[in-house]
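Once you've had a glance at the structure underneath, I'll fire off some questions.
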Amino acid sequence: MNLLTDTLGMTELWANVVIMLIVCTIVFAVFALMSGITSWAERRIAGRMQSRYGCNRVGPFGILQFVADAVKLILKEDLIPDGADRFLYKITPYLCLMGVLATLVVLPLGSRAMIVADLNVGVLYFISITSIVVIGILMAGWSSNNKWSLLGGMRSAAQIVSYEIPVAMALLTPILIAGSLSMGDLLDSQGWLPWEWAAFQTPFSALAFFVFFIGSLAEGNRTPFDLPEAESELVSGFNTEYSGFRFAVFFMAEYGNVFLIGLSTTALFLGGPNLPGFLQGNPFLSVAVMMLKTFFVMFVVIWLRWTLPRFRIDQLMDLSWKYLLPCALIAFFGQSVFMLVAHEIPAITPITAIVVFIVFLLTMVKFFGRIRTNYKEQSIPVGLN
Amino acid sequence: MTSELKTEHITINMGPQHPSTHGVIRFVIKTDGEIIHECDPDVGYLHRGIEKIAESVTWQGFVPFTDRVDYVASMNANWAYCLAVEKMLGTEVPERAEYIRVIAGELNRISSHLVAIGAADMDMGAITPFVQFLREREYINDLLEMICGARLTYNYYSIGGVNYDIPEGYSKKVTGFLDHFEVAVEQMHRLVTYNQIFINRFANVGAVSPEMAMDYNFVGPNLRGSGVKYDVRRNKPYSIYDKLDFEIPIGTASVGTLGDCYDRYFVRVEEIRESVKILRQCLQQIPAGEIQGKVKNAIKPPVGHKYVRTETPRGDTGYFIYSDGKTSPSRLKIRTGSFTGMSIIPELARNIFIADLVAIIGSLDIVAPELDR
Amino acid sequence: MNTTEIIDLIQKNTQVAVKASENCYDTSILIEPKDVLPVMTFLKSSRDLSFKVLSSHTAVHDGNEFKLFWNLLSYEHNLETTIESSVPVSSPKVQSVCELWKAADWLERESYDLFGVEYIGHPDLRRIMLPEDWEGFPLRKDYQSPEGYQDIDNSRSEIDKRFKP
């Protein structure tokens, strides 16, 4: 900042604008890169889960596949369907991308100092700006002049709007724990030990964590909630008629959304970039810890996509309104009561946290025992040779 | 005066090219967005006139065409035709050939049911089980390639026996495969068949009562899924099926109503397990001997007609053959299980979601070439 | 229960003259086209027979008549029988059995499509395999393949042109 005003003689206004542009470019570059890496990771992980190789041609382990995809999509013919609403058709992909990209401004890529804009209403901004995607999808379904796209757009809009409510209510729980809407405060209120994370503080916050995670999956149109883009029913729903670069923008928005699910879950519930006391302040380590946790959450999202079948539209709506919303309300109510009790008996907080964490660990151990049985069963040799 | 809001029904086309209709079939659907009011299947995109072709090729020369009638289970399709002609001629098939026929037929039944179950799962969104079932099917393709050289359309059966003998050490290889398969397939079923999301999609959808099933001439796993215990291998045994010990699984409304999609799906799952049992028994009992019965070079069945049914994976395939003493049939009608299964869709597809229509088609196990011939 | 016993039962209960048509494979029941509905209704509703399943229905072009065959099954008594009838090619009309067995719906549509046999009383008789505007009935013995369909040219000269080495 000083560099620009003093050395180059710019006014403060222009220096601000230049810095803003540079930061936005960096954010966009990070987003695009992570979106590409997520799409590679998805294809590779899907392949390995299905006993086949994933991409392995372009670059070592196929890691440059997303570059090849982008180049191919850019080189395609620019096609607007006959009878489509030209103006809406052209601006829709960018609307969807904007809804996803703009959330990156309040999410931490590393420690608290690495949030682009640490608004004091950060979480509120995060919830609100993702709603722009709904308009984008409706416009995509309508402007394609295709009945199947219209159906897909309607379904998707209904789904996203319904699931925003449990997500927002589930977010009230870490806000209660932190006492503020600002993302930086939420990061500071969690520690680096697993039982100091917001997810394992109380049983209610664990409930809120699951509601938030499931709701985020539904917001991103990921299986098991991907009915709007179900390949076997609507041939990819609202983005059927988009090809070439416009499809690349939708594609980037969807996979970037997976990255955002990871980032937001980590920052809000899984402790974010918090490091032990003696290592604090090291920027590289905080980025590494943050990214490690984000990649783990992204792996779980991809894992769920290739394992579970998808819900039907009325079952999806039932899940949101009849099950997730009451759970989110119970979590909020329970957490408030707990905090009142904890005000009287301060010792209850760490004990509950450790108990919840131990329960979680035991479930994980049982789960991994099942994986071991599956692996042993699959390894009986066939001996056809 | 209040005017009511008008809603219109849109007519959409679940067109010939569609990732979920199994083959080239077209549905004209009148819907209001989610609920279907009327559904009219438009078939015939894969009509190749196989029945007309039969009138100009010889009796033995028609066998490769039967492969293409149902290419997913083409050993059984071959068998259906060869059995019909053998019953007309009165040829006796040697016992070793019968055992080899059952082994090939049951292996093909397993691979056909794997495709059927995998495609139904894929329509529901679980793509991984389909790929894993295909991995198991690759082993079966390799086994069948060892005996006849082909992987999909085998042309293995001939009128009076089979074309090639099984190689040495085949029993050991098949038993090795079965030992691996029985355990691996259970694991894959744990992923889908007992998954609650999957059960929610399939249970109580497309329920067909036993009376309706018989009225529409449902056959095979579709009929047994509705609770009717009828299997051509048991009720009108042919070949050596009366010497083998196996059970007939029927739908029992374990989750949902009797005759819904889950029952039909589960009957196929159970039939895979029964086929494994049959295979193990055959491999132990197979005798030595000839593989081809005595058949004249120029086959000319006497004048008349006969209707013979065989249990193929998709139901019972009925061959109605009318011969007038010449070297090619005068009329050959193939009545396949997919044809009758499809005719119920206009009735079942009322007031259901489009997603349910996909589930129903997947559970009825329709392949387009068998539907259109 | 063999075919003669079935024929006795039919004659006792419906006063329709039916004959046994023998061939070297098995016997089928020969009826007149006008008696289709009474005989079939009896066969379906009788207690001893209860042929609740229509397994197949087809037509054979033989000389200048169409021979029609209905194959009936009874799962309860494990019976099979074949009913035979014949209509002249010049006016191939016969009663439809759709109200007895719903399976007849598509089977009769296929027979109409490929042979031209008209079924009186069928709810929705239209072509099923071939396109709606196809002319001719392919499975008849005197069928000539058309020279082209809409804008696809299938004449001999075109085929020779395409396959010239």
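Per-chain numbering from 1; labels A, B and C assigned in written order.
Convention: a contact is a pair of C-beta atoms (placed from the backbone, for glycine too) under 8 Å apart; a residue touches a chain by one contact, two chains touch by 3 or more.
What you are looking at is a predicted structure, and each value in this text was computed from that prediction instead of being measured.
Path length between chain A and chain C in the touching-chain graph (shortest route): 2.
Relative to the whole-protein C-alpha centroid, the nearest chain centroid is that of B.
Look at where the CA atoms of chain A average out and do the same for chain C: the two points lie 61 Å apart. Computed from the mean C-alpha positions, the centre of chain A lies at a distance of 43 Å from the centre of chain B.
Taking each chain's centre as the mean of its C-alpha atoms, chain B lies 24 Å from chain C.
Multi-chain contact residues of chain B (touching two or more other chains): none found.
Residue ranges of chain A in contact with chain B, taken from their complex: 46, 49-52, 147-148, 151, 154-155, 223-224, 226-227, 230-233, 235, 306-315, 374, 377-378, 380-384. Taken in their complex, chain B has these residues touching chain C: 43-44, 47, 49, 51-52, 87-88, 212, 214-217, 228, 230, 235-236, 302-307, 309, 318, 320, 322, 324, 330-331, 333, 335, 339-340, 342-343, 347, 372. Here chain B touches chain A in the complex through residues 10, 12, 18-20, 33-34, 121-128, 131-132, 135, 139, 142-143, 172-173, 176-177, 179-180, 183-184, 186-187, 191-192, 195, 197-198, 200-201, 353-356, 358, going by the rule given at the top.
Contact residues of chain C toward chain B in the complex are 23-26, 28, 52-56, 58, 60-62, 67, 69, 71, 75, 78, 80, 82, 101-103, 105-107, 114, 127-131, 138-139.
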